[in-house]
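Shared between the two complexes below is chain A, which pairs with chain B and chain C, respectively.
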Partner chain A sequence: MRMILNEMKKILTWRMLTFLLLVNTVLYFLLISFDIEYFPNGRPALDGYRLGIEMIEEYGVKMDEEDMLDFSRQYKSLKKEADEYLQARPEFAAAGLENYEKLITSDWNNEEQQKLSNQIFHEEQVDLFWELQERSRLMEFHDMKEMIGFEANALQQKRFDELLAEGKYQAYSEVVIQNFKDFIVHVGITVLFSVVLLISPFILKDRTRRLLDLQYTAKVGRNLYKTKLIAGILSAGMVITVLLAFYFSLYAQNGTSPYFGLGVNAFIANLTWYDPTFLQYIWLCILAIYVIGIIFTMLAMTVSSVVPNFVTLIGIQIPLLFVMLLVGFKILLSHIISVQSPQWLVPCLYGLLSIVSAGLLIYLIRREKLRDILE
Partner chain B sequence: MYECRKVIQSPIFLGLFLLFSVYNIYLIVSSSDHKEELKIVNELIDTYGRDISDTSLAQLDQDIQQEMTQLKRSAGLEFQSVHELLENMSLEEQEAYSQEHWNQIQQLAVKEMYFNTARSIDESYAGIDIQATGEGEVRMYGLSGSSASYLLQEYEKLDKRFEELVKNGEQKQWFFAGKAYFMHSFLFQTVFRHIIIESLLLIVLATALITAYEFEQKTQLLTFSTKRGRKLMKDKFSASIAIAVATMILLLGITLGTFFIVFDYSHVWSTSISSAFNWEYNFPYIAWWDISVGTFLWLAAGMVLAGGLLMSCLTFALATVVKNSYIAFAGIALFFVAVLLLPSFMSKSSILFFITGYNLSQLLLGISNSFMGGGLTGSRNYEWLTVSCWTLIAAGICFAAYRRFTKTDIG
Partner chain C sequence: MLVVKEVSKQYGDFTALRDIQLEFETGLYGLLAPNGAGKTTLIKMLATLLYPTKGEVLYNGNNIIDMDSSYRELLGYLPQQFGYYKNYSPKQYLLYLSALKGISKKEALPKIIELLDKVALGDVVNKKMKKFSGGMVQRVGIAQALLNDPKILILDEPTAGLDPKERARFRNLLTDLARSRLVIVSTHIVSDIESIANEIIMIKNQQILYKDSVETICGTLDGAVFETSMEFEQLESFRQDHVLLSEKQEYGKMIVRFIHKETPLVDWLPVQPQLEDVFLYEYRDETNGTVQ
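The block that comes next holds the complex of A and B.
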């Protein structure tokens, strides 16, 4: 135990922690800050977000036909309000925009009408009109709820029908879940880079300093290698925990907690193989980040144990990180239960990656016992 | 020379280089579905000349009409334009055509599209209001004070250049239709960004390897006490530069070679880069000078070389100071991203918002918009000022790092 602590002290040096702080500052401003500062990003995203909360309060986490009827009744009464609003302003009637219907179907070539509609939507940003737009979009979605919306294969179609039969169809604005998916991928990237940068050098460092000659002739001897690996995984786990805690405390500013009880399939365009609630989905993603982080920690330690110098250490990991950036995070993190990939793919990938990375380490532990350290 | 071998003989360097080359080739080949359609432009240039004039357009119109009547007769169809024909066609009807007929229809449709765009050049260029675009930009970024007036001034200059461009008729030359194929963005943004990021990774790794080699092999006590001693750093510097140049030329050569084998550019080399067909988004590309596609390519490649060399110099300086290739690599990567973000931390009302944009990261990643007006880095002097400023900075830093190294403690 004491050995593990001492090894961890060698990994989590003040120098390294300062460096990680720098890396995280840069990556935060490059990737994450946008998802937090600009949520909801303009309109009608803001209205989708507000309306979603209102819907959950009024109808709960499931919209049935009765709820939908009430929803469209509200739409009609709001529309009447909008008509009254327009009639109260003579300039709109003069331009031939005496009611809401005419406002949204206004003529693109009529400059006067465009100016007025621009005024109401963009300059004055009247909430009522934006909300009506969003409501009508949601109602359109409801009318088309029996259409899957993309070219589905047999299994995807089956899953879709299954959900529909349970009365779970896409009814709530996708703003919140989209924002979370962007956020979690960006957090995943930041965490991965931090962990890889932290863990990569430490085994190689001992070797190039010829520390092994000393360590392996001491009483603990070659078992120390195992201690180092455990120390590496524990340090990575600690860093992941701290970073996740920090970034999720920032995410709390987005105020998405009213949505936590909603099933993820209730969001528009978010068909998934399983139907956890939004909160469960968040926990799943957090777990996924831990697993990805530990897998890459093990890979980094493997590479660190075999390469001759730092440049090779970085060079080998560049393609791995590239693959993660290009496709990995999408499949393994934000679309972890999405129907976009076959149901078996994601678990298989996780299994394969874990087996490969753990297998390599076990091989290295065995090799370390017999290796000629003088070579 | 022996210093160069340290890089050439390390398998990881060659491995990464091969991997990057293969990936680039894959990237180009996998997005080449439309390469046959592009050849129509070559045909147009051959038949009607590079410049679009009223007479050559009339000729083209006539030829299209002729082909259309031919088609109507042989297929027994009645239509006003091919566009209309295709729009009203169902999938079954499509399959009823013979391969030959279908190709002919497709070809005609493309030609018609080029003709329609060419015909409306004057009209669409008359609709461009550069000053208003500038004002829109100021609003979009929320600029005020000196930065706003600076940007508006730039747009005023661009307006003059735009008038000159229209007067010269630079826009009236055939090029691949931008709105349909996005060839400019594909080549100078997608492909070039790949080349830039890959070669930067290789260069920074190679430079860090060469510079910190002795310290990582623990041979510094021996090497730097020889007669050549610390002057060895000068050789290391030259070796890094040589490797950097070789890497970039090879990577550029392989990637661009593939690109031009796949896409036939042979006829459009001397078309102006500001051609009206090179209009992809809301705004056509308006270069500050009358440069052709070929010249633009050379300039872009030159900027990649300059940027890569400067990054190599900076890496050399950092690696000399920290004597560790891992920290040097990570430090340079951090620096690259940090200066990219730097302008966004500046006050929107201060001219610093623009000055901090004069950095290598912005220059290299925005290469498809270089020498072009408009946008935040659209100043006429942007490119050469950035490169020369950073040459001075890099030279200063390198010199200081070397001076410091000659006196530093080696142990």
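The block that comes next holds the complex of A and C.
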């Protein structure tokens, strides 16, 4: 244990932690801050978010036909309110916009009508009118609930039909799940960069500084290599935990907890192979970040064990990170249970990456036992 | 105690050592050879950093590789060059290494203070090593080799970077240590070991040339080492015909020390061979004069 702590102290130096703080500050402002500061991002996103909470409070996490009828009744009642609102304002009646229906079908070429429409939606931001639009959109989705919305293959169609048969159709605004997906990918990128920067130099440094001669002739001998790997994984785990705790404490500001009990398939345009609740989905993504972080920690230690210098160390890892940024995070994180990837793909990729990274380390542990220490 | 049994080491096609056969008991052994002769290869094999291509190294009859940590527990090793963490103080660094050596913190702390005093670093125990001179770092290296009170102490070029005073202090330390353990000192500086080694091992052409006492090795040149003086102008032709061991200027003349195995001239002064004479003679450049 003392040796593991000693190795961890070598990784988690104040200098390195300050560097990570700097990197995280930059990446936070480049990537994550938008998902926190601009949620919900304008309108009708704000109305979708508010309406979702209202729907969960009134109908629970699953809407049946009766709930939908009530939802429709409410729409009509609000529409009436909107009509009264417009009729109370003579300038709207004068421009021929005496009811809600006329307002939303106003003539694009009629300058007066467009000016008034803009006034009510954008200048005065009257909630009622925005809410009506969002309600109308959700009802339209409900009316088309038996249409999958994209060109589905047989398995995707089967999954869609299964959910429909269980009465699980897409009824709630996608704004919350979409925001979370963006947020978690950005957090994933930040965490990945942090652990790779943290771990990469660790093993190479001891090698290039000629510390192995003293380390491997001590009682612990070449078993120290294993200790270093354990220390690397634990340090990466600690950093991942701290970063996730920090970024999720910021995410808490988005106020999405009312949605936690909602099944992820209840969000519009979010068809998935499994049906966890939103909270379970968050935990799944957190677990995925740990797994990706540890896999890349192991890969970074592998590279660090074999390359001759820092330039090669960076050069080899850039393509790996680039692939992750380009396609990896999309498949492994935001589409983790989405029907947009084949059901077998994500588990197989996680399995393959875990086996390859762990296999490489096992090979290096054996190699370290037998190799001549020349450097 | 420690036996090197028919050990060879090859790096690809290059043979660094061939059929080395050595036996070590308690005492001080000086491993003497020029750079690149294979000293470090042999030392690294004794320290388990390199594996012999052929043969084995035995400690009390057991293969040191098979003994694993029970062999390394007995070992103190100072490599020719060693790494350290620049932001660590000697105390932190030695504590780190003592953990690797399986010494508890409680046991290690007083030992570290004692050893740092012994190598004259008692007043910089908590100073960061990045401010240390080469000699100071080397002394930390010597201290770390002694942390576990080793039965086998292997030192590769231990005096590199030490000033003459420190070298003398270090020689005394080695003499003390060698009374109760095996000490192997690898060096190409003859004066480091000439006066203190029980036996000298010399390597030439990948094989052991000598493993004997200083007297016996020097005896191989008995009656063959001479000194004479000459004019500077005569020196060049003298160099062509003899193996010169040293040259110095004195009272406007050149005093030369050289090897001559045939009948000497009358004005040549026969002198007692020194270990350095044997070293220079055995490792002379082939183009550098001929022996008569």
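Note that in this section the second predicted complex is superposed on the first by the 374 of 375 C-alpha atoms of A that agree within 3 Å, B and C clash if a C-alpha of one lies under 4 Å from a C-alpha of the other, contacts with A are read in each partner's own complex, and residues count from 1 in each chain.
Convention: a residue touches a chain if its C-beta (ideal position, glycine included) is under 8 Å from a C-beta of that chain, and two chains touch if they have at least 3 such contacts.
This one's a predicted model, so the numbers in the text were calculated from it and none came from an experiment.
Colleague: Fit or clash for chain B plus chain C once both are placed on chain A?
Modeller: By the criteria stated at the top, chain C and chain B fit after superposition, with no clash.
Colleague: Check the residue A:Val23 against both partner chains and state whether it touches chain B (first), chain C (second), both, or neither.
Modeller: A:Val23: touches chain B, not chain C.
Colleague: Which partner does A:Pro201 reach: the first (chain B), the second (chain C), both, or neither?
Modeller: So A:Pro201 only meets chain B here.
Colleague: Of the partners chain B and chain C, which touch A:Val220 in the superposed model: first, second, both, neither?
Modeller: Once the two structures are laid over each other on A, A:Val220 reaches chain C alone.
Colleague: Regarding the shared-chain residue A:Pro319, is it in contact with chain B (first), chain C (second), both, or neither?
Modeller: A:Pro319 sits against chain B, while chain C stays out of touch.
Colleague: Is A:Asn309 in contact with chain B, with chain C, with both, or with neither (first, second, both, neither)?
Modeller: first
Colleague: Looking at the overlay, does A:Ala88 come into contact with chain B only (first), chain C only (second), both, or neither?
Modeller: A:Ala88 contacts neither chain B nor chain C.
Colleague: Using C-alpha centres only, what angle sits at chain A with arms pointing to chain B and chain C? Round to the nearest 10 degrees.
Modeller: 80
Colleague: Quick one: smallest Cα-Cα gap between chain B and chain C in the superposed arrangement, Å?
Modeller: Chain B and chain C, overlaid via chain A, are at closest 9 Å apart by C-alpha.
Colleague: Going by the contact definition given at the top, which residues of chain A touch chain B in one complex and chain C in the other?
Modeller: Shared contact residues on chain A (touching chain B in one complex, chain C in the other): 210.
Colleague: In their complex, what parts of chain A are in touch with chain B?
Modeller: 19, 22-23, 26-27, 29-30, 197, 200-201, 208, 210, 307, 309-316, 318-319
Colleague: Mind listing the chain C positions that touch chain A in their complex?
Modeller: Answer in residue numbers: 44, 47-51, 68-69, 72-73, 75, 77, 79, 81-85, 87, 96-97, 99-102, 105, 144, 148.
Colleague: Touching residues of chain A toward chain C in the complex: what are they?
Modeller: The contact residues of chain A facing chain C are 2-3, 6, 10, 13, 206, 209-221, 223-224, 370, 372-374.
Colleague: Could you list, by residue number, the parts of chain B that touch chain A in their complex?
Modeller: Those in contact with chain A are residues 10-13, 15-16, 19, 201, 205-206, 208-209, 212, 216-218, 324-327, 329-330, 334, 337-338, 340-341, 344.
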